[in-house]
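Just below sit the structures, each encoded as structure tokens.
Each of the next two complexes has subunit A plus one more chain, namely subunit B in the first and subunit C in the second.
What follows is the complex of A and B.
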């Protein structure tokens, strides 16, 4: 007996004896890329999921430290992004905010190129209820790197002060001319 | 869209165990996620944190940075040249209140980068914790050993390993 989800349109078989149960997808891979310069941009994001998750490993090629940032729907309007962060470096704890005048939102993942070649930062960004047009879109981030004596771990919240559905996401270095290792990876997932 | 986030294996302890190992992990995913809820073995020492080793590597190839809040203050601690990745703070492992953790093992099968673990772990009655660990090896991860710093895990402890595959 076939069952079709009204939401996803995906057909499954029932769990009745004799049938092999096939679960509809609930966590789908949407797209991925191995960015090098400036990060990555995902466009034409399907509006068929409830949440998005962006999973990144990255490393700056340059000596300078860099903040990662993200921007929705190419919106560079000043003041439309706010973030709050709790960060630990192994020796000190800090909390800071970016609440005014920002044209993008920050992820505190300074992973300088002076670190050992193979040290990569990990970043996981959850973008919640991204198609809902009744409220602003919020996100949360877990990010960090460790270079055996230096590094950081951070928890962040963020909001895009716009009620539009999110159809594109750009992520990359705050210093936009920074390049990234060819092993940097960006993968976008949809959660039903 | 390609369905992903696939359960690879689950281990639910019916008796106390000194450690839990996932071996022969297929190298067909992009990331791994290990979800655990564990308690100390009854009668065991209620102390110390779960630890993790990969590929049987017991050399000093791990480092970690943790961020912890206990309701009173926030703290951070770094660990270098460890023989394991430390999952939790220096809190304790209770025989009644589970310690839960979600450990993201990023890009575990690539052979060009060190392996980064992003961790969220809680001893729910005492602390909330976030951490990052790095295993300084470019080898693909094919096995994971999860174990308490001392004593063992008790019956009812559950560990599930998932694979996430990018497009």
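What follows is the complex of A and C.
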């Protein structure tokens, strides 16, 4: 028996006897926050998923283009992070690495606070095999923003040179010392 | 409505292998998504990561944008028929694996298969690769199997591959 949603028009199977078993999905919300100021920190991350995904909408309070910044397990050890970025601005492309401030890792793109009030950056971060203690943790980030004449798009990587399982993630701005404007949103998902 | 993502199969490489095959892929989803944490045993900073659809040996084209930590390139000629993205070679930092995501929309459709891939390698050095690729395989058959491999050497122990179906 199919069920059609009046709201979305999407047909789904019911769990009634005689129907094919409906398996639970593999994509779960773990936590989310508006993180109005100071970025966001996710702690006590469940160790039961295969991968993590972090989805962020945010905007820097800084006057210039900023960087999105992350740190695992509150590890501020110098040299424990490295990032690489492929960046397009609408008129040029570049590829570079960065070890500056490598007590954490930072990745563009971030929308400067001087741009249009309602323009935020969208950021999706995938963290694979985050419980694996035989691997350094690699992050893959697709990020961008557009402000009608300015903007950036980037595909970035970051590695945490530590084999510990990821149990906490702190995210925020770089130049503005983890200070963000209101209406930011940070959502962490577990993928089975 | 929550994202309807379902794990179909996963593989962890226990010892170096030349390829991994996902076969008998269920045909009841809308799209497929392949996620891989992968490293090659090639004695190099990088290796190609290849994807074969339904064992097809030809009919592949792509257009790629890539950065290596210093410069950027974009090409549209296939130097490897099944080449999709660049991943970590065995000369990169120990214990470091690439992150790969490949998306196959409408994989049961009866037209040629357009799919996309984005991937990053990592390395505690200047050289590491970010790859965005738009790919096409000309067969009009539904995708029922995927073969993945690091092209120039075996896939390293600890690499993982997860195939998801999306409704």
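Basically, the second predicted complex is superposed on the first by the 164 of 192 C-alpha atoms of A that agree within 3 Å, B and C clash if a C-alpha of one lies under 4 Å from a C-alpha of the other, contacts with A are read in each partner's own complex, and residues count from 1 in each chain.
Basically, contacts are C-beta pairs under 8 Å (C-beta built on N, C-alpha and C of every residue); 3 or more make two chains touch, one makes a residue touch a chain.
Remember, it's a predicted structure, so these values are computed and weren't measured experimentally.
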Side-by-side fit of subunit B and subunit C on subunit A, or clash: clash
Which of subunit B and subunit C A:155 touches, first, second, both or neither: both
Touching partner for A:164 - first (subunit B), second (subunit C), both, neither: neither
First, second, both or neither for A:57, with subunit B first and subunit C second: first
Partner chain in contact with A:185 - subunit B first, subunit C second, else both or neither: first
Subunit B versus subunit C as contact partner of A:145, first or second or both or neither: first
First (subunit B), second (subunit C), both or neither touched by A:31: first
Touching partner for A:91 - first (subunit B), second (subunit C), both, neither: first
Partner chain(s) touched by A:120 [first = subunit B, second = subunit C, both, neither]: first
Subunit B versus subunit C as contact partner of A:41, first or second or both or neither: neither
Clash with subunit B (superposed arrangement) - responsible stretch of subunit C out of 41-49, 59-67 or 95-103: 59-67
Subunit B/subunit C common contact set on subunit A: 23, 25-27, 29, 86-87, 93, 142, 155
Interfacial residue positions of subunit C with respect to subunit A in the complex: 1-7, 10, 35-37, 65-72, 93, 95-99, 101, 118-126, 128-132, 158, 160, 162, 164
Residue ranges of subunit A in contact with subunit C within the complex: 8, 10, 23, 25-27, 29, 50-51, 82, 84-87, 93-97, 126, 128-129, 132, 134-136, 138-140, 142, 155-159, 161, 163, 191-192
Touch list for subunit B against partner subunit A, complex: 1-5, 30-31, 63-68, 74-81, 104, 106-107, 110, 112-114, 116-118, 120, 130-134, 136, 138, 164-167
Touching residues (chain side subunit A, partner subunit B) in the complex: 23, 25-32, 46, 55, 57, 59, 86-93, 116, 118-122, 124, 142-149, 151-155, 183, 185, 187, 189-190
